[in-house]
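There are structures below to look over.
Two complexes, one shared chain (chain A), two partners (chain B, chain C).
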Partner chain A sequence: MSALSHHVVIGSGIAGAQAVATLRARDPDARVTMITLSALHCYKRYDLPRIFRGCRDWRELLAQPPSYYDDQRITVRRATKVANVDTSRGMIQLSHNEEIRFDTLLVASGCRGHLPEELADYKDLIHRFSTFQDAMTVARALPEGGRVIMLGGDMLGLDLARTLIDTGHRVTLIAGEHTFWPHPVTVEQRDRLMGVLHDMGIEVVDGETVGGGIAAIEAGPPGMPARRVVFRDGGDRYGDIVMSFFGLVPSVEFMLGAGLDIERGILVNPSLRTTDERIYAAGDVCQIWSDQERSYRFFYGWKNVRAMGDIAARNMTGAAEAFVPAQDEGLAITPEGQIHSPFWEYE
Partner chain B sequence: MLGELPVRPEGVEASTRRAQPVVVSEDPRDVAWVRQNIPCQTACPAGTNVPAYIHQIMERKYGRSYETNREANVLPGVLGRVCSRPCENACRHGWAGNGEPVAICHLKRVAADMKDAAHRITEQLYAPTGKRVAIVGAGPAGVAAAHDLSLFGHDVVIFEREERPGGMLRYGIPVFRLPRDVLEVELHNALRLGVQLKTGVSIGSGPNEVRVSALLQEYDAVLLATGCMAATRLPLRGAWEGREPTDELRDVEYGLDFLMQMHRGERKRVGRRVAVVGAGFTALDCARVAVRLGAAEATIHIRTAEEYIPVTHEEIFEAKREGVRIKGLRTPVGLRTDENDRLTGVEFCQNRLGGWRAGGRRLAIPIEGSEFVEHCDTLIIAIGQQTVNQYLDVKPEIDRGGYVRIADNGMTSVPNLFAAGDFVKGATTAVEAVGHGRRIAQRIDTWLMGWTRRREAVRIAPVAAPLRSRSFDFIPRQAMPVAALNERVRKSELEVETGLDEPVASEEAKRCYLCDLRYEIDVDRCIYCRACIEVAPRNCIKLIKGVEPGAAAGYDKLVETAEWNQVAAIWIDNNECIRCGQCFTACPVRCISISRCELVQVDV
Partner chain C sequence: MMSATDIQIAICGSAGDGTIAAGDILRSVMADIGYRVISFDVYPAEIRGFGKCIARLRITTQQAYSLKAKSDVLVSLNDSHAIAHAGEVRDLGAVIYDNRSIVQIAEGGHISGHLGAGQLPYPVPIRELSEKSTGANRSRNLVALGFLAGLFGLPVEAFQKGIAGKFKRKAAVAEASGAAFLAGYERGARTFKLDDIRFGPPAVTSVPGATVEMINGNAAVVRGCLEAGIDCYFGYPITPATSIMEKLAVEMPKCGARLLQTEDEIAAISATLGAGFAGARAATATSGPGLSLMAEMLGLGVMAEIPAVVFVSQRGGPATGMPTKTEQSDLNMAVWGGHGDAPRIVIAPTNVEGCYRCAGKAFEMAEAYQTPVIVLLDLYLSNRYETVVFPAQPPFEPDMNRAPEAQQLREGYRRFGPADDFISPRALPGDRDAMHVVTGLEHNELGRPNDQPEMHQAMSRKRHEKLRAALGHPDFTHHKHFGDEGRVDVGLLGWGSAFGECLEAMFKAQAEGIRCAAMKVVMLSPFPTEAVSAFMDDCQAVLAPESNYQGQFANLLQAQVARPVHKLARATGAPMKVEEILDEIRRLAGREMGPGSNLHVIGM
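Here is the complex of A and B:
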């Protein structure tokens, strides 16, 4: 690539971090810029449950020390919001009206926790767990031995649940269609998996058997735990905090004016290229065309995401490689009676 | 509250600025300025003077605001609830870097809801002409045209097939989105100027039907405004190719029929798992009605993606809150049934996105070999609507799309026969129908009278001081309050959006940039001190060496320069300007003036 090339990566998660490393390695003279909403450098989001094991210093979670980016001549624009991408001019417009020109762009802006629209009224009473700041807020709000009411129960949530149980907290799971997301599970598997969760010490409430779900979430009355979840059949549960784990939704809002193909995520071909030949997407934000399945689909898990960051960066610098899933997606129960998910295996 | 109205800076008196008279200009450059600089009004198919009515709300003059709306659109309370809001898509506040568009539609409703109960309607009546006009169809286009034609002094008779007027507004939109009392009042007001309404009258060639040819003989002009009242058929393939599923399966029906039958009073039923195919308001309405009728699952299947469907984000959000799910990139290709001819599922094929269609929509391209089945027990088809021409016993020229062709004067190829609204344009929106009905009414009047009686002009009035404060720019868009979810299901006709209250409406109104204000620098008095540039929040005040006419007769091409020896003027770029008034306040020699530029209709 030309020494004048400017590669820009939006997002500082696993895909973005891998991409800037690959870009630097393959195009030593180019300008490489990473733009991120996060105030922190790339950190291990999968390790956030460690906060409940006492790891509360953000530096321990960083994927690379800050000096790494200086050494690699990678410009990191932290706490910076992208407002729009003007593909006709090759410009990224930031929310403070600054514009950044790009030659190639990788969108690796990731996902955020999905809160179902029917719970939107209660969002101020629900804790999220997407960022380090979210995790610290939860850790501060949750007393020792306190109870978490977990709504949904996707695999990120269940990963946190097992840490919470290990650290002496209590967890009530309000299960529903998003439990075990993104794994597809059959009815038979689901019953067995619920049994395992119960054996792990999680109180499992089937959302369908309590009148079809949640009627309200309220602040608890004085002298009671801080939150009350009311079910449609009139029953309720008290907890110190309520957390939502209903899967992820891609963060693509800033790309809506760019003219790219977007369904839920940004649609890319197997080379991770969007409908604009200068723009690629990687990680949880993209839906990749699958020739086998004849459809666009998401691939989750840190190995997949890292592989996408690498492939996208390689293709941005002249390669023509297709993404191949780097991990299986099966959910199983081990002979020891424990849940085994590839999404829980991370470095 | 974020800020109050700005106070005039100390020592600055409006009277010391150059006095300007109110002028009415027909100069095309002024008209072009309005078209370019008031994007909401330009985008509104009815041409509503949005900044004016929002400013009147800011002043808590709700009745006047309602009347400002009514000058362009006789159904403000209706469209304040169901408009597709092209104005908000164009709003300068929604441009990149400016935040979210003003809630223009919600404010329209505020004007309607908060005006006095004894509000006096203002109408500008012409003397009776003795001309008689028949209008076929009492939908939004027909009603808007009837109102304007009656103002022009013509005797108008509307023929409506249904028992009640309103067309799709009454029979196609659920009550939870449009309460019928609001519709009734505004229809009554629109038609009370002597319009004769004949409902339950079918136009056609049958024994008890009125023929269009007979109307043409009896009236000076006949306007067809029958909309798009036939559902678009669903093209299936395989075993279902060429068959009409609604003829064979009781679990399949068209969304238009579903809603119309319900609003005529029929009791509708749906299964537990309802699939809706389609991507417009009708599809969304059908799914939301299905939830209220007890469906455990209501899923809308769309060919492209949620981002590209012509429905407001708020409607999608509320539908999802009610439990409606939306699944994209799929085209229905077949049906699955059991041995009793009961529907068990819909077969789809996967799509990929193709190119762009008009209006920001996308093409969908089916992928061969990607078929899959979604299980359901009710299918509602809402993929579009078409005109019905069979009732005509005259033969106007029809275009390739099946729509009647009209000339510039609104007339079809049949003398004295005019057409308006969706019947001409295909299925659009209520506001487009109102706007088109209004335009065709004016053309009919011109044709009937032999000359144009009203013409567009720009009223330019001086404004003493800025009407906004910079702090208004930081007010977030105010959310529309909605009814509780459990209440919506319990009372299926409960209006979902409950309306902004007065303090919230006032805050939202402050957000409007008031783009009808034109800020100008008097170059003869400017001392080039740059004070205005220093305080400008955006790149809105420019050093220029020239101004060139643009394509639309306006001065819209500023030739900027960074060289002082080339500067011919300091110029306010009204396209970038957010009317904050900072420059006006900062100017030490008071050479910046403000004028309000409004499109008005003047008598010729």
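Here is the complex of A and C:
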């Protein structure tokens, strides 16, 4: 690429962080800019449960020290929201009305937690767990030995549940059909996995067996825990915190007018290129064409995501390589009777 | 145990953004709460719509001596100005800025693109909150101030009181400002904090009988004048001295004193000398250009031995120069300027409390030594706010005039008669049996014109020698030693407003294990040669930092002590930087440093 090239990466998750590193390595003279909603540089989101083990300083979670970005001449626009991308002019419009020109663009804006429509009315009573701020807010609100009511329970939630149990908290899981998302599990496997969760010390409530699910979430009355979850059959559970884990939704809103093909995520070919040859997508935000499955599909897990960031950056700088999944996706029960997800194999 | 608070906040905007007003409110409130504050505002010469304004406040629980090189918080009210200052925020410090714009911004035009990797961004919809809370965008400064207060958990009631006080004559403005502040406060209180900035509890200073006040240098001068019993003031406005006259105009009538705005500086000094001749405690205030105009009449004051006090607040020069930028470049003019052998007393306070003390003491000295006294301030000192503890009783003598004794009058009054200390008895016009002549001509002991060689020699000696006594003027800090005693690696000799930075640099150097001392020299003329020489005896190297190009103080030192001095002279229009002084200390102490010493050694 020419010395005047400007590679822009939207997103500072694992995919984005890997991408800027690869871009800098492969194109030393180019401008490299990362735009992120986060006020912090890339940190290990999978490490957020460490907060319950006493790690309250965000600096301990950073993937790289801040000086790394200066050293690498990578401009990081933190706390910055992209309003839209004008592909015809090669411009990114930021929400504060600044325009940034790009030669190549990687969209690695990741996902946010999905909250089912029927729970939307209670969102102010439900804690999230996507960011450092979310995690700290939960940690501050959760008393020692306090109870967390976990709605849904995907693999991110179950990972947190492990830590909460380890750190002396109590967890009630209101299980649903996506409790082991994104792992596909059979009914038989699900029953066995539920038993393992129970053995781990988690109170498991099958959402289907309590009158068809949740009727309401309320603030707890004085003298009681802060939250009350009411089931359709009239039963209830009290907890200090209610959190929802119903999988992830790609953050693609700012790309909707860009003219790219978007389904749930941004559609890319195996080289991670979108329908615009200057624009790539990587990580949880994109659906990759699978020749084998003859459809577009998401690939999760930090190893996959990091590999996507690398491949996209390589292709943005002249390579022509295809993404190859970097980790298996099978959910297993260990001989010790523990749940093992390859997504939990952190670096 | 809560650690000491030491937080510097910079608010940067354009003239008309309310930058200085926001700093003003913050300063007052923090002082009222009980913190110590040092603050200094930088503003353009234009009234509105052009240049950059910055209000910087250092809020502490322990004594501080200058602003810090790095701020902990930067509030941007105008990115085009604030971008240049983003680098002044320390790592883990906070940058607060507007994350909306109603105009298209070219790439790089928003401050979010200029933050250091270690700084923490706090985007706030400042304009939007102002418009929603007040219907207009004029209160953006209050929204930003509110956000800051909310973010750091500062007491909202204190700010509401401060805002009400600031706009007490403008009810509508007070209401809108309060609403804007609250809108910002609520947003700030909800914002997740990532920085490491924590305000500890204030350390309220309490001295029995004393009053603690947060005050700027010019206001301290006014207080000193009033407590010393000023009778008359004559002045012509000039930045940065004008506020002395403005404040005196309010206060002097309350105590029966008189103030007159004259047509120019020549009239001002002439009237001041006239009032001094008549026995009044009289003063004027000006800046460098005005001092030039006063030079001729100062010669008259010296020749006629008339008390007068001249406050000179220096600014960037020469000519119109930089009216709103600080500089210490009128030292030569103050000490040497003028025609003939015209010695005068020149004193220079080094902090705001010093402004108060020097102001009052200047009247004592003018009276005691029968001569004009110049008090050298500068813009940095005039406009700098500090928390000052004022004594219960004014530390100034109400009358130090040496009036003639009855026997002297009976023997025939000689206004310029001989005395062991060369200070003749001074009668005032109208005193019985004391009729005498005062003229600008060389004169004899009776004051009558006389140009004989012996007389001129004797009278010249008298005018010079009588000032020696000023070096022992009672209850006055002519100079002061700080830091390590005995042999030191580096000794700092400083004067005026730059001494605070010298002191901060000295403390940092000591913390690094460098043996370091500092001496502030308040009495610049006559020069305390003996004390300064003794200080230099103990110094391996002597560094003289000052805010002018020539190194005027270092040159004065050379003239007085004739020993090697390392000049660190800077003419940037901004206060000296602690880090720059510290770097030179390190070099002089033989610490490993990179290339690029800024020193110029004189007197080797």
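We take it that the second predicted complex is superposed on the first by the 347 of 347 C-alpha atoms of A that agree within 3 Å, B and C clash if a C-alpha of one lies under 4 Å from a C-alpha of the other, contacts with A are read in each partner's own complex, and residues count from 1 in each chain.
In this text, a contact is a pair of C-beta atoms (placed from the backbone, for glycine too) under 8 Å apart; a residue touches a chain by one contact, two chains touch by 3 or more.
Just so you know, these numbers come straight off a predicted model, no measurement behind them.
After overlaying the two complexes on the shared chain, residue contacts for A:69 are found with chain C alone; chain B is out of touch.
By the document's definition of touching, of the two partners only chain C reaches A:78; chain B does not. In the superposition on chain A, A:286 contacts neither chain B nor chain C. By the touch criterion stated above, A:97 is placed in contact with chain B and with chain C alike. Touch criterion met: A:39 reaches chain C, while chain B stays clear of it.
Counting contacts by the rule stated earlier, residues 95, 97 of chain A appear in both its interface with chain B and its interface with chain C. Taken together, the chain B residues at the contact with chain A in this complex read 96-97, 304-307, 317-318, 320-323, 328-329, 350, 352-353, 356, 362, 367, 369-370, 485-486, 538.
Note for the complex: chain C touches chain A at residues 91, 98-107, 109-110, 112-113, 115-118, 120-123, 192, 194. Contact residues on chain A toward chain C in their complex (touch as defined above): 39-41, 58, 66-70, 75-81, 94-101, 133, 136-137. Taken together, the chain A residues at the contact with chain B in this complex read 83-84, 93, 95, 97, 116-118, 120-121, 215, 256-257, 259, 261-264, 267, 275, 289, 294-296.
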